[in-house]
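All chains are identified by letter, namely A, B, C and D, in their written order; residue positions are counted from 1 within each chain.
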Amino acid sequence: MNPVTVLAGAAAAWGLAALIALAGGVSRSWTRMCCLVSGLGGAAALTGGVASLLAGNSRVFSAGGSVVVGTLQLQATSLGGVFVALLGLVAVATAAYVPRYHEPGRGTGLYLAVYNLALLASLAVLVAGNVVTFLVAWETMALLCYLLILRRPRRADVAAGAFWFLALSETGFVLIIAAFVILAARTHTMQLDLIAARAHLVGGSWRDAAYLLALTGFGFKAGLVPLHVWLPEAHPVAPADGSAFLSGLVVKLGVYGIAVFGFWLLPGGPAWRGVLTMAAGAVTAAIGILYALGERDIKRFLAFSTIENVGIIVTAFGAAMTFWAYHQRLLWAFLLLAGLYHVVNHGSYKTLLFLEAGVIEHATGTRDFDRLGGLARRMPRTSVITFVGTLGIAALPPFNGFVSEWLIFQGLFQGFRTGSHLIAILIVLAAATLGLTGGLAIYAFVRGYGIPFLGMPRTRQAADASETAQPVAGPALLAVACAALAVGAPAVLAALARAMRTVTGVSLRPELLPGNLTVIPAHTKFSGFSPTWLAVFLLAITALPLLIYLAGRPRAASLTGPVWDGGIVAFKPRMQYSAMTFSAPTRVTFDALYRPSVSVRRASDDPAGRSGPVHYETEVTPVFQRYLYRPVIRAFEWLADVVRPIQSGDVNLYLFYVFAAVLVAYLIAAL
Amino acid sequence: MTAVQRDQTGRDPGLAGLLAGLGQYGRAADGPVITADVPVTRLEEAVRRIAAHPGARLADMFASATSHDPVVLRLVWGLDADHAYLITESVIDAERYPPLSDIAPAAFHEECEIYEQFGIRPAGAKPLNRVALPPIPGFDLPRLGHAPAGPPVGVHAPHVVGGHAFEFPFGPVRQVGVESLYYGLVTSGEEVVDLYLFTWHKHRGMEWRLQGRTPRDALFHVERTEGLGAVGPAWAFAAAAETALGLDPPAQAERARAVALELDRLYNHAAATAALCQSTGLVIGQAAAEIALERLLRLNAAAFGHRYLFGVVDIGGAAVGPDAAALRRDLPGAYGELRRAADALLTTNSFLDRLEATGILSQEAARRLGLVGPVARGTGLPVDARADHPAVPYAALAPIVATADGGDVLARFRVLLAEAAESVRLIEEMLEAGTGPGRAGPPGHPSAAPASGLGWAESCRGEALAWVALDDRGRITRARLRPASVRNWRGFDDACRSQNVFTDIPIIEASFWLTVAGTAR
Amino acid sequence: MPLWFVRGLRRGVVTTRYPARPDDSAALLPTPPSFRAEALTVALADRLVAVCPSRALTRRREVLVYDVGACTACGRCRAEVPAAVTDSGQFELAATVRARLIKHVPLTHDGRHLETGEKDSP
Amino acid sequence: MTAEAGTSLGVKETSEALREALARQFGRSLHIRTLDTGSCAACEQEIRLLAAPHYDLHRLGFFFTPAPRHADLLMVTGPMIRAFDLAARKTYEAMPGPKLVVATGACALGGVYQPDAFTRGGIGETLPVDVWIPGCPPSPLALLQGLLVAVGRLAEKVQELSFTENGTPR
């Protein structure tokens, strides 16, 4: 089966789905139809992606084109295949989710059309065979995502969030173009595989320049700190499936870009390049999770957690590059593989969590942790599915997050193999940062699951929440995927190992999977475990006490009483931990980063000491917006004021500008 | 640790002017208690004048009413600089009266009580606190006057907590061996943002209970209002009744009471020390303090026949005289035990570090809320009824008022220790002067006409006040009990809120050493 | 801490040996009264009942019903009629049945002890 | 007193059961939770002193526990204020059986307060009392004796006493 044809089928399905949506997105049945087709496209993409990552890079073939943009060239690569598969998974889950989530209507029709085209554009990015195709597809994808975020353009915060996305995305785009131009100019070709083949023609400094430009440019999309600010702004205002798509896939396209430059076009490079990338990743991971802990809006919280996970992935990539510099090809390939595995895992559970966030918002009308509570009783299905996703993202066995993070850690712990003490220390330092991140992530997701789902409802809406007529199939599918990616880890790793052979030329399989379902981090005699058997074991040890309890439950002398409450009349919702009080310890510990501002209003400040209402607020200072972006924005505004005079509005003047421009162009050409 | 020597004479010439400003007043200005009738129309202005008077503090405020007569509102002012109490009486025949707590914040708690008991409330829309009435639907209690018309409006319960904080419910059933008390502890996860107390689980309607009894019968219950430190309130009550009945206790009996009062102070300060050690987790220090405490209690039993000195005070004198021999024999040993424990504590840094800068209470707050006793003296405020309003035995002894600066737990602890030393000196001096049981005339004799009286004593927690009104048959028509606990609890939440965390609160509570029973009554 | 350790050693053991051996501090405790029946007439009994602040004493015909549980050992009855009331010196008063704390003191009217049922409310 | 007669019958069983439970499970160790239903704080002080060096109830295998969940014995002081009924019942119900209730002090035994709108004047009708300890306040020694009686390690003494100088013991 040729993956290319399958992918072509997927592309066609999405195009068709877009047309259907435009034609009749107004009615429910047409919406269903659109989602069905889009889901089929997703399934096709999934199979095609897997196929291509197994089959290796296909040949480059031209699919028409024009004199303006040059020929449109496509190539299904193993590296892209991983992302294409993820794209398919996300598309299927979303397709199953959308019909119950969106009310049919004109807005919905347009939205779904845009969404399907965005899927198409993302696919194009992943199978782009030459620079122009890549750039065109990339820009299309960005603009369509901008429209996705603008689902409800009337609201001010929506406009703002969408603008943040667009502004940063375009800035990144310019840098990406620059990076590609350098490579194309040095290798005299636009074709990606040829660039990769002729990479040696590019001088060292140009390589570094190109890589740094690419890292920054794609970093904007991937959300590397401090280029991450669009995520927490754009995710909350987009519809649930929109933000799921952003976090589940679009962000990963940024990661894809980094991988393309770091491992395909410009493999290897000096150690500092890897160390720099690794450092950027580690910082991103730590800061991301710390900010997540300061959030009380579910979607902003999840957005920051996405930043954290991208940080983890990029750390793995950076470490891989470092190992390359020290001729540790095995670990190089191994860490790339681990990073890609984490890409897929994060794509699955983050999509799940965003979709469920949408369910919660629909059921309760709020995304504020401190207005929820006690949903586990009222929304059992949602709570179970979300719990699976939470275990996954908190990297707890037996779910997938654990496997990939374990692999990444095992790779980093082998920093000593570089032979350089400094580098070894730096790598282990990164590992330590990820360790801190992992701990905080568990803390953050205990909070992220416990506050909304456990305890007592804090508001009327939370008390009246119900999950009837709420979507369930999509998230459930992803929950299954989370389990499968963990239990089936050996199979997944085998597949990825083949992809690695294509990308890196290193064959990992024997070192990675010595048989009987055991995974070994690239070097024997270091460590090893079996995700499958771990899952089985965990199920067993949880089942065993349960069986014992059920078998030998004492009949007599057991007394179930109410919770001991100190004899108060009744517990009140205000008497439980809230999201912000739960994370107060981190606020205190890391206040250098948060710079929290506290405001207290209490009746008991009255001189007579009458007791009464208390209101206590802590606000986290948005450091990057305030100290990094605000000055930049100011500068641009100033610049705009400066150049305004040339905009007189006089047609003749504009004609003169055109003339002058042409003249200058000729002069340059003449020289 | 500073010591202030107060002179007993020297009356502020401004007092006459002040009183003249209050309109016609009953008794001569040179008596220890001055009563002035202030019409409600001039009440606000009068309160302003008195509050501005140097050394004046609002010591108590209460109302009384029979079923048909209008409510009479009484404000008791301690004119400490003039060594006198001033009682202003105003007849309130409306539902409302001027909001006095805006001028004298110390009146707030009493405004709430009066609202619950008599249904009259200060003008203005400011909400009141729930004091004695349980917030249980359909649960009503008999009142001293008439209950407020309709459900209590604007009474703060339950609490409302907003933003990034939550309420930590603690109690009413708390640790082992402590009284029932509900803490509404509002916290942001670490520090104490706000704190409010419910004490209605312990409201036994004491003042209601005393109505219609003879003073002597009532004394039995007064002693059991606050079992830890029973002597002070009992003496205050007895003194009030004696004033009403026109009795003049014999000097030796007065001294016997004073000895009991100082013993009472000693064992309570020892108990507070033990509680401080417990709250700081210094078990060995707690044991040392408890050895001292137990020896002091046994000394009480040896001297007066009761470990907690119940039944010592009697209307018109003292029912029991101290066993002077036992006191002379055992007091030095028992006190030495406490002294040694204290010295060791004062050199234990792990202990002092927890006390320092914990539960800081500003002198301004202490004055504003009308706090008394060691708590006020710990902020450097030298209020002590023994010095400011000396009763017979103390006038001769000129007790030293121990104060300390800082207002934190350590300051209060130092005050306790200094007072314990002073108490020992006072006991010895009074034993020299001679003590014994004795009673002025058969008590509770029907006086010709209804009469009333004010009594006070410096209990171990500070100034305890009592006011008694008797009918012509010598039975109580209205008895007002104001143990020191009633005033000092209102400083507790202030102390807790000053940048403290959860674990400081037991320490602060131990250093205040108050009883819930006393404030709930 | 060593300071405390030394203090502790110097202090020695203060713990009572009760219940293995009697504790002499018990002698100091106030104890409920004990009544001298032959000195106690109905009239005297009524004075005692009147003076008891905790209603531990009631008279049913010719028996003084004494509820030890309600008694606070305040000593007012002893002060009222020293001739007929003394200290019992008993402090081990715990009972597993409330009724066992209710005692009946025959009053000297005629020598006959009136048998009243155990069911008496103080 | 019929109610108390009734409970006192129940008492026997629970105390027997508890004694067996104690003997079987934790030897002679017993955990105590206190409950203040409106006392004047003197009883509380005496109870605290039980753990002080002079009395040291730990040597007898008694321990205080703040959690009623871990408690086998409830020492109740005070006249049972009606507003406190709920808390008292909750505390009792929070204790695992078999459990003992010890009424401590004259208030709890109905001495100081009469039944009225504020208090029930004794805890007898709210909680099933197993042991009654008189005294105002009962001294630590009296409390020790009461606790030992409660677990059947000391014989009850008061039923032999008549408090009558020349009266025959009844």
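In the analysis below, contacts are C-beta pairs under 8 Å (C-beta built on N, C-alpha and C of every residue); 3 or more make two chains touch, one makes a residue touch a chain.
In this text the structure is predicted, and so the values were computed from the model without any measurement.
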Measuring centre to centre with C-alpha atoms, which chain is farthest from chain A? C
Comparing A-B with B-C, the one with more C-beta contacts is A-B
So the centre of each chain is just the mean of its C-alpha atoms; given that, what is the distance between chain A and chain C in Å? 80
Rounded to the nearest whole Å, what is the centre-to-centre distance of chain A and chain B, using the mean of the C-alpha atoms as each centre? 65
Distance from chain D to chain B - Cα centre to Cα centre, in angstrom: 31
At least two partner chains per residue is the criterion; list those residues in chain B. 136, 172-174, 180, 220-221, 287, 291, 294, 307, 310
Multi-partner residues in chain A (2 or more other chains touched) are 565-569
Listed in rising order, chain C residues that touch 2 or more other chains are 14, 25, 29, 54, 72, 74
Contacting chain pairs - touch in the sense defined above: A-B, A-D, B-C, B-D, C-D
Of all residues in chain B, which touch chain C in the complex? 217, 220-221, 284-285, 287-288, 291, 294, 298, 301-302, 305-307, 310-311, 319, 340, 344, 347-348
Could you pull out which chain D residues touch chain C in their complex? 1-2, 4-5, 8, 11-12, 15, 53-56, 59, 106, 109-112, 114, 124, 129-136, 138-139, 141-142, 144-146, 148-150, 154, 156-159, 161-167, 170
Which residues of chain C touch chain D in their complex? 14-16, 18-19, 23, 25-26, 29, 32-38, 54-56, 66-74, 86, 88, 90-101, 103-106, 113, 118-122
Mind listing the chain B positions that touch chain D in their complex? 134, 136, 139-142, 172-180, 200-205, 208-209, 220-221, 224-228, 230, 271, 274, 287, 290-291, 293-294, 297, 307-308, 310, 515-518
Chain A residues touching chain D - in the complex, by the definition given at the top: 557, 559, 561-562, 564-569
